[in-house]
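Next up: the structures, one after another.
Here come two complexes built around chain A, the first alongside chain B, the second alongside chain C.
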Partner chain A sequence: MSVTTPPAATTRPSQSPRVHWRHRLAERGVDGQLWLLAPAVLFVVLLFLYPFFYGLGLSFQPTEGGPFSDYARFFGDAYQRGTIWTTLGLALPAALLNVLASVPIAYRMRGRFRGKRLVTILLVVPITLGTVLTAQGLLNFLGPTGWFNRVLLALHLTDEPVRLVHNYWGVFFSLIITGFPFAFLLVLSYLSGIDPTLERAAATLGAGWWQRFRAVTLPLLMPGLATTFCLTFVLAFSVFPSAVLVGNPAGETRVISIAAYQAAYEQYDYPYASAIAMVMGFIELVIISVVLLARTRLYTGSSGGKG
Partner chain B sequence: MATVTGIPGTGVPGVGPARPRRRLVARPAAWLIWGAVIFFFLNLLGIVGSVLVSSFGRQWFDTWLPEGFTATWYSDAWNQFTLGQVILVTLEVSLLVVGLSLLIGVPAAYVLARRSFPGKRAAYVVFLLPILMPPITYGIPLATVLYKFGLAGHLSGVVLANLVPSVPFVILTMTPFIEQIDPRIESAARMCGAGLRSVFLRVLAPLLLPGMLASAILVLVRTVGMFELTFLTAGPDSQTLVVALYYSMSAAGIRAQQSVDAMAVIYTSMMLVLLVIALRYVNPTQLVARVKEEPEP
Partner chain C sequence: MRVTAPDFSQLRLDGVSRRFGSQDALTGLDLTIQAGEFIALLGPSGCGKSTALNCLAGLLPLTAGSIWQDERRVDTLPPERRGFGMVFQNYALFPHMSVRANVAFGLRMRRLPRDEIRRRTTEAIRLVHLEEHADKLPGQLSGGQQQRVAIARAVVLEPSLVLMDEPLSNLDAKLRLEMRTEIRRLHQSLGLTTVYVTHDQEEALSLADRLVVLRAGRVQQIGSPQTLHTRPANWHVADFMGYRNLWPMRAQSAQGALVEVEADGFRLVGDPVGDIAPGEAVMAGVRPEDVRVDDPGEAATNTMPAEIEVVEYQGRELAAEARTAAGIRVHLRTDRRVAPGDMVALIIDPQRLLIFPNDSDEQPSGPLVDEVGTRLEEPGLVG
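What follows is the complex of A and B.
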């Protein structure tokens, strides 16, 4: 960030103080090579930081009222305020389930076995498909005449088709389908980073299967799990296409990103949309920093996973 | 799938000595876990399969399979959604994003991998933020700014918006890759009189080529699949395939369901081709995220 190298050509009468100054900078690691960082820094500043602060500033300049009136409008309207709980009610359980379900499965699959590569490749497929295609598939598959309900009816598990799309569950399933492989592959890579001899040492001391997992593997895995939770949560929190397509975007799955989108592209109220986006980013960062703060209390040593 | 189901019961040769003991203890749990995995894959198969079958079906209402099979939905979809132009735009956007993000990201990754300087931690955090934030959060202010400068609604705006998560991604995947290259090779080149330019072009570039290829393919996959940012900044003639798919789905009822499915299959097969190429060069876990959380001081 602090690229403070002077331009190469300066016309100064005395040469020695300039050389001296440059040397002192170079001793601290600042020299001409840092210019290689300049395009990336410029890019982040222009395309990420500037729009972000522009949006932040815009959110305090509403079309009418005082600087905080757009925030007051958002929090004062129960329909808008409720989107926060809707989003959290979808994202937190989905992210938790994804992480918790990956642990036993990854624990079982961390060794080498035939077909492991096939399984990992198959798991990558839903990640690359993306949310839009998953939504389309879920509409076909879980719909009232879809294969899933047909199987349930054929097995006499239910008498009439279960309603699984255009409500909370449709969005929840789409978050699982795209989020679980993501969480699983991360947990698997963290788990395979843990030295297996540690567990074998515990086994020679007579620790059972559960004790080894509970006292050796899990503490080493926890930081990785925290990171995985954060990344999965970010994915689930920004759910937009599936909430519109397989959810009920006017009712129970009206997530906060829909509220922001509607303010920007249906009402053309950019200050209000920016305010909602800022609230969204703030809530997300609060949850992530709580998790990451808890993570710093965990052991993150060399023998642990890559986390 | 056949290879998967055969594993839990019979012992696999060539596994470590700890394996038989654990298998005796945790046998029901193993079945439960494999059951869950197979259930997940069955559902996944159903999701992808139902789109595929529907796209070839003549009519499909309340039956297990469609009443007849036809390929006309593909030509319908191709003409209705002007898919030729959409695919062209998708390719243009993704190739531009890949090229630019490599051009910006690799030199920065080099500096971050090799040098220590004041403010390095801050630089890491700033480069990490666009990956940690949901695209909608920064996408809406970004789209506002791009509209203000008249860039959004065109190809350039879509490319610029897609660069925001791609450049940090290149930086974060390339930094560990550069770290593993022996710095003495560069020193030797320097000693032999090579300048920064020729060190980069003739020493580092050949060594970095596999890593650059890997991160280029990852960025390509992510850009083709990126919905939110493209959706917020695209105009009518700069839609990528995934955005066009979204529009055709949310306007369902106007068009036949099957032609939307056909379009989804075209998108899927494009992604699968990319995926097959990607998996030749990279480890599946890298497709997810290769985020280096703890920068060395």
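What follows is the complex of A and C.
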């Protein structure tokens, strides 16, 4: 560094030398590391954006009638339209239960204790099973001659087997078994992100455990719960295999994805199937928007923890 | 804020102990705190001071012992029923609540009338000079302001005991001094019984009525700032209280009330702390400010020729490090303008050189001799 002032310095204000383009790009976050995003962008374009817009276009080109006639057909047919309510009737309670059940368990499981890893593995292992294995397990366990009903009968709690598969409840249980681990892991990580000192501070200020949870932990956890709800809801809303395997795909668990599947692979009406898929996506979008809009009203800043 | 008469006369810790697994974090802490007193728990990190505070607050269960507030046993109560206020090192403000809501939290938990909550909250916020920030979230405040909120939140309940866990350690030097004065002012005006944990001896000396020095989970000394400053109970406390010069030596003979000590043919006369028999291993300690610097001259008692090696400018004074002919490093403070390479005489008043029994093989925290290699050349110092 030179000690003498360069003569240019006196004329600098009028010259205002342009900042090097590299600095200007870096200011906007454009640098070499951006290339790390390339595979993800390619993936999204090829496997999501292209098929989505292709389907969207297809849904406006029905085999007969105007561009909206397939949508009109779907909403005009009560049997088809009803799949929306059937799916929502499964996905909303299942997602809600997954989130609500995760909270107390994750609340107890944060921090360290002996056997935490084992319990976590047990809670998370259903993720690895896959829907088909879960369905088979449910059929064996909850079926008319399954262990559950045999125990009920043996204890004379019931005279005839309780029907828990091939109906609404079979699909519901399947959604809980596959969705809960996701919800639990997410809620656990959100909870670990909340500084445990906050609850200690609340305790020294005279708050009992319920007040501590209600006034401190829950408000800080709510944004995380909203996100978790959205993710498990999306998982549950696109339910297909379990609706067929442990549900009643012709009746009470004829979900919207079954309607789309039948249009595409039983009637070979791709435009109609695309229209149903678009309706499905739109409903998901509406629910998520509502939840995320509500989430913006919550405190979403730092909660002081390691998260 | 009203100065309330304390609702107890003394708080008694009776053999309070805490183990973590096989590790003793705190062993048999006996301490009686008078109402209105400001107690500092002082010690290096890991000495058990925070453990003691958390045990008092009820955030950690005791392994043994009991805590009594007059005749009321409090160690069996959960934290929310002890009625102690606590200020945390990281402030632990509720990030989703405004300053006002944070301060009001404890009052709300007590289900006080709305008017009273508002009045006392406003008063507490005024006490810590945060009126114009009352509606902000903690994240919008500076560290010092957050600490003020934490203090207001704890004292608004007029707790019988305020616990402070290194409340100033996250602040920068200037703010730390300001907040120190603030805490002292609050304590003097409100008369709140306070237990204050710190590793900063200066902070403890300036704030506390009484200091408790802990080391490895055990109490080393309990006493007034003056006592700890001038008469540490052992060399560990001395090490912690700013006796930067600690030299392992051997006792030779008593000289009246004083004792002569020796290392490697080098002799000093100092004031013994406790009983010291001739031949015993001792630790001789003196503060840097008690080492006088003079021109080199004749040999006399406690006068050592030395060469100045390192000099740090510290405003009015210089902090310097000198090496004596015998190879001992001496930390000193002087207002003489010394420079590295100067030959000087170092003089220590025998009353200011404390001779402690050296009970362990441990070395003082500051290395006696910087390089490991040079220590081996001075076997007399280590023995």
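Simple rule for what comes next: the second predicted complex is superposed on the first by the 261 of 307 C-alpha atoms of A that agree within 3 Å, B and C clash if a C-alpha of one lies under 4 Å from a C-alpha of the other, contacts with A are read in each partner's own complex, and residues count from 1 in each chain.
Throughout what follows, a contact is a pair of C-beta atoms (placed from the backbone, for glycine too) under 8 Å apart; a residue touches a chain by one contact, two chains touch by 3 or more.
None of these values were measured; they are calculated from a predicted model.
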| item | value |
| --- | --- |
| Which superposed partner A:20 touches (first chain B, second chain C, both, neither) | neither |
| First, second, both or neither for A:41, with chain B first and chain C second | first |
| Partner chain(s) touched by A:132 [first = chain B, second = chain C, both, neither] | first |
| First (chain B), second (chain C), both or neither touched by A:297 | neither |
| Which superposed partner A:244 touches (first chain B, second chain C, both, neither) | first |
| Partner chain(s) touched by A:208 [first = chain B, second = chain C, both, neither] | both |
| Which partner, chain B or chain C, touches more chain A residues | B |
| Partner chain(s) touched by A:124 [first = chain B, second = chain C, both, neither] | first |
| Which superposed partner A:156 touches (first chain B, second chain C, both, neither) | neither |
| Contacts of A:33 with chain B and chain C, given as first, second, both or neither | first |
| On chain A, the residue positions that both chain B and chain C contact, one per complex | 200, 203, 208 |
| Complex interface listing, chain A residues touching chain B | 1-2, 28-30, 33-34, 36-37, 39-41, 43-44, 47-52, 54-56, 58, 101, 104-105, 108, 111-115, 117-138, 140-141, 145-148, 150, 177, 180-182, 185-186, 188-189, 196, 199-200, 203, 208-209, 227, 230-231, 234-235, 237-238, 240-241, 244-245, 257, 260-261, 264-265, 270, 273-274, 277-278, 280-281, 284, 288, 300, 307 |
| Footprint of chain A on chain C - complex, ascending | 57-59, 78-86, 88, 90, 92-96, 105-106, 109-110, 137, 139, 153-154, 157, 163 |
| Chain B to chain A touching residues, read off their complex | 3-4, 7, 12, 14-16, 18-19, 21-22, 25-26, 29-30, 33-34, 36-37, 40-41, 43-44, 46-51, 54, 61-62, 64, 103-105, 107-108, 110-112, 115-119, 122-123, 126-127, 129-130, 132-138, 140-146, 160-161, 163-164, 167-168, 171, 196, 221, 225, 227-228, 231-232, 242, 245-246, 249-250, 260-261, 264, 267-268, 271-272, 274-275, 279, 284-285, 287-289, 291, 293-294 |
| Touch list for chain A against partner chain C, complex | 195, 197-198, 200-208, 211, 215-216, 219-220, 299, 301-304 |
